[in-house]
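Going by the order they are written in, the chains are A, B, C and D; count residues from 1 in each one.
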Amino acid sequence: MLEVVNLEKSFGGIKAVDGCSLKVKQGSITGLIGPNGAGKTTLFNLITGFYELDGGEIWFSGEKITGLSPHKIARRALTRTFQIPRELREMTVLENLMVVPENQMGERIWNSFFRPGVVRRQERELRDEALDVLEFVELIDLANEYAKNLSSGQKKLLELARTLMAEPKMILLDEPGAGVNPTLMRKLTKNIENLRQRGKTFFLIEHDMDLIMNLCDTVIVMDKGRQLAEGTPDEIRENESVLEAYLGGR
Amino acid sequence: MILEARNIKAGYGGVEILHGISMGVDKAEIISIIGPNGAGKSTLMKTILGLLKPTHGKIIFDGHDITGLDPDKIVRRGICYVPQTDNVFPSLTVEENLEMGAFIRKDDFRGRMKEIYGIFPDLKEAKRFRVRKLSGGQRQMVAMARALMLDPQVLLLDEPSMSLSPRLVKLIFEKIVEINKSGVGILMVEQNAREALKLCHRGYVLAMGRNKFEDTGQALLNNEKVGKLYLGG
Amino acid sequence: MSLGAFLALISLTLLRGLGIPGTPFGPLSFGLPMILAFFIALLLTGLAAIIIDRILYLRLRRTGPIVLLVASIGVSFFLRNIIQFIWGPQPQYYFKAIQIARKIPLLGIRIKPDEVFIIIVAALLVIGLHFFLQKTKTGKAMRAASDNMELARVSGIDTEKVIMWTWAIGASLAAAGGILAGIEDKFITPDMGWQMLLPIFAAVILGGIGNPYGAMAGGMIIGLSGEISTAFISTAYKPAVAFVIIVIMLLIKPRGLFGTR
Amino acid sequence: MDTLVGILNYLVFFAITAGIYAVLCLGLNIQFGYTGLFNIGIAGFYAVGAYTSALLSGPPPGPLDWRTVGGFQLPWVVGLLGAIIASGIIAFFIGLLTLRLKEDYLAIATIGIAEVIRLILKNEGWLSNTVWGIKHIPSPLHQPIEAGVSSFLKGHPQLSPWLIHFISNAYNWFYLALVLVILGLLYWVSERSIRSPWGRVLRTIREDEAIAAVSGKNVFSFKLQSFVLGAMVMGMAGSLYAHYAKFIDASSFEPLYGTFLIWVMLIAGGSGNSKGAILGAFLIWGIWAGTDFLTGYLALSATRVASLRVIAIAILLELVLLLRPQGLLGEEKAVSKMMGK
């Protein structure tokens, strides 16, 4: 599904991602762990086109997406969340979601004037879809609230809701668990599981080892900008070099 | 206890992250704080240093209440801090970084600088270089050296081993012990939990903004529950 | 900049009034009062900048850069029109003597003594700024704060004070620029700052934003190319040359010649 | 009664100018209020609109003119369209150049192009007739209306003076209606588009470009659309001005009148809100025009009063920024109106 070959990225002479190669299988839930500063978020930013890479190639569902701009990558049905939740502050929660789907008819300005019927119908569908998603993440009561008035936990949920609005083949989640309460976390886990059954692929950065162990079928460990190990959660748990890098040895 | 936090509650923009954390550091001690991501470790450091005002609780330093003081006031009293990231001034030289560390000192700080170069001989070699050109390990040393310029009684370190190779991690930890031996109390947050627990006198385990465990480093290392909470092993 | 030039005019008038002898120094067309006025104007402009910072920008610091930009455009209109209110839009003169350019024997170029003075003062200011930023505690703190504001705070640096200094120095330098331009052109007008705005932006972009040495080099290039351009196109378009350079720069190297960010 | 008519006639004159400013504000609101694009060269687009329209629909150069081009005496509508297109083309190229870069560059480029345009208008006699400007720009339907009025007045010689006074002003009433119709149309278009999915993307870009990008929106293309559309509206305002004033020269497009006042209007009225943009235009123009009488009271020279007025407006701007940064009417919760209830 996703293959990264020899990625390189450095900031001011320091290599954040240093010859990283890894693969994420279609339909898998792959966890990405590693010490802080291992280059996990940088890797996500490279894959989604937010950073220009210094070297290497990225392949997604058989196509080379190296060097494409973020919106073009998003249009190939590869979407992401942000580690620190980002929200459209001066827009309502509902609008935060309704903007997500791509290629809406009404995004061409003339359609709102010359084909209002079609736009209107699509808008109604979008609204219903967005309300369903809000219902699911328990933000429905805040649908008409400005996003800036949400608490940081709620913003985290909004971030998740946004990915649910997109129709991605693959979702990159940057620390989906941080700051989400356990009940909701369980629900979220279940939903990721469901979506996977419907054919979506997940690639997620997470520090919560319980979540990784429960959810992921493959775990990739990154350290110093490259892949250190890959395996099932159980294999990773027993891997000496992982313990060395992540826990600092026994 | 030279520095003590009592039942601290704090957070960002109305969201509480620390739900009542208490801990203390003695002058001769190295204290490690470990815990899963999002447990509030860095938030605690920022609260102690006054970058974040606690909504509840007290911070006592050297017998005085320093709760809610501005960072520069707290630094003046003798608590210095090395942040997790962005902890150096990249466009300044090594020596200028140290001078900035001593910014509030009115006296001649060259003696102190010499002492610090004694701890970090590498830096003396590189003192005319801009920090931007240094490696990650050297930068971390610059960051620590900068914070030591004021001769603090307590040094707060936020993940000092972050993104360093094992060799450098070892070196940095050796330096931390050396600094502590020179009479500076150390409070550090570490992801590299095992190493941190090995070298510290006492450790605190935080989770979800609360104290979970508190014991000597060795005892925490041997504690099965702590092992599980951190990497199921 | 205009403010500085006019504050120099006030000081000059005041000092003449105080009876300080205005005999020109040697070949220069001005004397002690002008020199004193120069320093007083720098001081006063710096002070004015600090006052504006305290009243206005301090409160807007938390808002976005665009609000600050709008606010500063407002301030520029405010200051310009205060000057215009007091003196009117017509040019004001520091002195009226006309100077004759003298030939420098070796280089074969003609130059006025006043211009030599301007070059020396400009060079002194550049060296002074360099010395200030590199050697003094406040200068270093300024560079530190520009690197990393939060770290500066946890190092015990009073960042508010640093910002104040930055304002004062920036404004004083602008004032110096205004006064020197006034000496060169013989007159000053309320909108001289506005006229220079585009070339200044161009110089900063050319040098790379955030790089004072780049800005100095950029200033030289913009200034020279503006003058050279007059050989080919109408003088009226001198300001436009700066714009064309900006456009070319944006096309080929948006981070500036020496830009690091 | 006659004074009353005088006041009324003045109000009509006032409302036309304020209406033209309101059009400019709506243009800026599309760029800045919706998309967050920082255009500080409004005057440039305004001037291009005015000159294009004047050259297309205006008279050929007179014997004393330097100007050698233009004067095709095309219908007013053609001039208006030309103004819109010309401003749009210039905006397109500026946008192409700067909208991919950091926001400061757009600001610098717009201020630069405005200055360059002003220099060209001042210096290129063949095009602009330099400081003598372009005269005798025809106002739409001026002849027939004036003819109608004079024949009506001739037919009714017994009317009281104030009524004659009132009726003679008919053309201004007509022009006011024209401006208001255009303003209303623009208001409707601008409200409809901001509440459409298109407008939603613009506001998303204003709030956070990264979110727009991960949602598959071509940020650059949307910014360009917004910038060009806004500039076209500004060009339209230029045409409206030229055909009303009948005479234009470079001094009408100085940064003060052409850019600064419009920013103050939008900020005071409420950026991001079309109603606010219009309210701001009328209000600030009201204050501006209202302070005109200061000359009489303060016994100061005209230039001094002008400075005093700018000072007052500048202080007003800073006060609004400090005390009510969202403007009189803040942005409305603009949930799509395209989905019904």
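In this text, a residue touches a chain if its C-beta (ideal position, glycine included) is under 8 Å from a C-beta of that chain, and two chains touch if they have at least 3 such contacts.
These numbers come from a predicted model, not from an experiment.
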| item | value |
| --- | --- |
| More contacts between chains, C-D or B-C | C-D |
| Chain at maximum distance from chain C, centres defined as averaged CA atoms | A |
| Chain B and chain C, separation of their C-alpha mean positions in angstrom | 44 |
| Centre distance in Å when chain B and chain D are each reduced to the mean of their C-alpha atoms | 58 |
| Inter-chain centre distance, chain C versus chain D - centres from mean C-alpha coordinates, in Å | 34 |
| Gap in Å, rounded to a whole number, between the CA centres of chain C and chain A | 49 |
| Of all residues in chain B, the ones touching two or more other chains | 90 |
| Where chain C touches two or more other chains at once, by residue number | none |
| Where chain A touches two or more other chains at once, by residue number | none |
| Residues of chain B defined as touching chain C within the complex | 49, 51, 71-72, 75-76, 80-81, 83, 86-92, 96, 99-101, 103-104, 146, 150 |
| Parts of chain D lying in touch with chain A, wherever the complex brings them together | 189, 192-193, 196-198, 200-201, 203-204, 206-208, 210-219, 225, 229, 272, 331, 333-336, 338-340 |
| Residue ranges of chain A touching chain D (in the complex, touch as defined) | 48-50, 69-71, 74-75, 79-80, 82, 86-92, 94-95, 98-109, 111-113, 116, 119-120, 122-124, 126-127, 144, 146, 162, 166 |
| Chain C-touching residues of chain D, taken from the complex the two chains share | 36, 38, 40, 97-98, 101, 103-105, 107-109, 111-113, 115-116, 119, 122-123, 255-256, 260, 263-264, 267, 301, 303-304, 306-308, 310-311, 313-315, 317-318, 321-322, 325 |
| Interfacial residue positions of chain C with respect to chain D in the complex | 56, 59-60, 63, 65-67, 69-71, 73-75, 77-78, 80-82, 84-85, 88-89, 194, 197-198, 201, 205, 209, 234, 236-237, 239-240, 242-243, 246-247, 250-251, 254 |
